[in-house]
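Each of the two complexes below includes subunit A, the first together with subunit B, the second together with subunit C.
So, the complex of A and B:
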């Protein structure tokens, strides 16, 4: 699940949560301009695909800003 | 800060030769009252009607209910900040109010044309919906007002609420020079030895979703944009520093100045607690980061004020719950005992009725369910008279102007508004645990 309010997604039991931008534009950021926005959106989608292929044992946050494997978080708060 | 609040009870209103109050009856010079509204060249049409408790009347659609108040002495103006009204700090001197009277803002103007953000509240003056609505117990002076259709949605919102405030001002002027039958003094002298309590009043911001920074929703001195928590003296709120049209009848201007949580905390000051002030907390931040920052800052402010306890209310639903409940947690982590008043989401389907139960939120008062359908009220009965608009959309478009809606008679048997969220505990709905 890609979510700007990732804390809620983790708490409600989503196993793979990708950190989105803002509620208004979860998968992109128009302030970056068309090219960088596209690039940023791709990063989020790639992170989501990476999440899908990563085994997890509980709610886990994947941050597009970090390429390394995420720490497992049962509650981001 | 000392405020004397003089109350003039209103048990009836009628149209007459001049606007005056006498022995509980408000006489209204209809044309003179409307002239104050029509002074604004951007008002296209305006008319007035009176609705009394018990009458077979439906007021549709309702954007706000305002209690007429006037500053008799002390700085500033009542309902400050809106659309160029003075921003001078209010809360001192003397204020007079017409108690039991509501100025009802009725207009076809939506909050926003995008995203289904339409007005869907109505008031019945009799029947089951009236019993559940505190505003149905008021003598209601209804202003049906339409702005110039050429304007954008934000300007239309502005003109409509400005008109309501103009009418409220006109009516309140009737009691400016009179001696009030009842006066209550509000001040917060030192209360040594008693536990300090803050009231954290969370109010929605329309900025993120409706891109309106200043035209509707409960404003802080007329400002509704996303801003860090504000510290207000409760007297400022009694003078309308938190006011404005809103999506739910439980957070209209009338509701906020008559908020029982605020008044009860005030009346306990010096007896069982020391009321330290109100933190007005703007909600609907749109990143986790911002939500958590605001929660931290509100709790810090409460701690700096010396709070041993806090009461938290909110006026919205959905994702705003996160900054609200994280404020509860942040307060508890600072050692501030915190009580949270909230409506609950639907318990149907086995989902928790609070989005995120937190162990720190260990003192929760439920004020019912957001969703009226859970009250199982059925359809509201036919009314003899409709003030406002004869038809109402129903179906998939609900009350919007989007295609797909079905026009039905507003006077007919119709569903109650979808939302019933008594945030501040006006009513006495009770429940069974089973």
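So, the complex of A and C:
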């Protein structure tokens, strides 16, 4: 799930949650201008694909801003 | 205290003392004398009411000959003219619990109050718990001595035609019916009292029943993105311009799917978002914000993913009761499975 309200997604039990930008533009940011918006959107989607290939044991946040290990939310239950 | 209050008891073949599985095909019959578990009910009722008859039927008969059974129960009730019908306790039994529920429903159709007793997870309770009154029991007959008290209390209340109190007061499974009323203290005082109790480690009762979200086991990771099809789903309410299928702007009763196999990206002017939960102007200008087809096509061309699934799924995800959302999700998942999709990106707004 790609969501700007990622906390809600995690606490309601979505297992692979990718942090989106904002509700009104989840996969990108028009304020960045077309090139950077596109780059950002692509990063979000790539992060989502990375989430699909990552084993998880419970609700886990994948942040496009952080390319390294995802943050497992152990107290989201 | 009124011995003229008439009670009819319903039990299965086992609790009537007529046998076990071998007697499960017993047709509906009426016993005037107190048999089996009815004796315990009679003792618990004492002087307060009279058991005028016991309807007995085999578990299989009640299940396999449902129409005949219902008719026979109806006729028996008309003959016995009780003030209340007590069915069970069936504890965890599946068929017996369902039979008890059926008897209560027949009674209700005859304008007679009725109450059953069974374990909250028994099939009868799962199926009919919102429709009939059920006194919760433990898993087996070891609970019989304890449950008779609450069962008799509620049965007498019903027999006397007294108003039914809330589930936790009168001791039955909540049917999810909310009645307005006035509480003794204002809400902020009740909330602070509850918080104080919680902090002090004292018991407290939530006024709103809390249902923890269902924990779903995570799917195993995709081994190789290049070998699978990925589907795009959104709850952003994205529809073809003009909303040809009349998607609602909220409270979704169904989901929609649209072929995207011929598209390289979603172009503004061809799609729009119809959703009361967010301001859709930016998505209208760039639908890829909620259905990222453009990005997926790039990654598809670059060989990062095998393919984008030919259908995109959409619905307006706002004001959706959890039960409805679950059904819609299951529907979409079934279609994705049928389409042999290997992964799914769900964009939520």
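General remarks:
In this text, the second predicted complex is superposed on the first by the 73 of 77 C-alpha atoms of A that agree within 3 Å, B and C clash if a C-alpha of one lies under 4 Å from a C-alpha of the other, contacts with A are read in each partner's own complex, and residues count from 1 in each chain.
Assume a residue touches a chain if its C-beta (ideal position, glycine included) is under 8 Å from a C-beta of that chain, and two chains touch if they have at least 3 such contacts.
All figures in this text were calculated on a predicted structure; none of them were measured in a lab.
In the superposed model, A:64 lies in contact with neither subunit B nor subunit C.
Between subunit B and subunit C, it is C that contacts the larger number of residues in subunit A.
Touch criterion met: A:7 reaches subunit B, while subunit C stays clear of it. After overlaying the two complexes on the shared chain, residue contacts for A:53 are found with subunit C alone; subunit B is out of touch.
When the shared chain is aligned, subunit C comes close enough to touch A:42, but subunit B does not. With both structures placed on the common chain, the touch criterion links A:16 to subunit C but leaves subunit B unconnected.
When the two complexes are overlaid on their common chain A, residue A:24 makes contact with subunit B and with subunit C alike. In the superposition on chain A, the residues of subunit A contacting both subunit B and subunit C are 4-5, 11-12, 23-24, 77. Within the complex formed with subunit C, the residues of subunit A that make contact are 1-5, 9, 11-13, 15-16, 20, 23-28, 30, 41-42, 44-46, 48-49, 52-58, 77.
Taken together, the subunit B residues at the contact with subunit A in this complex read 208-209, 286-288, 291-292, 319, 322, 326, 329, 355-356, 358.
Interface residues of subunit A facing subunit B in the complex, by the touch rule stated above, are 4-8, 11-12, 19, 21-24, 76-77.
Those residues of subunit C whose C-beta lies close enough to touch subunit A in the complex are 212-216, 218-223, 225, 230, 236, 278-283, 285-286, 288-290, 292, 294-296, 298-299, 304-305, 343, 345-349.
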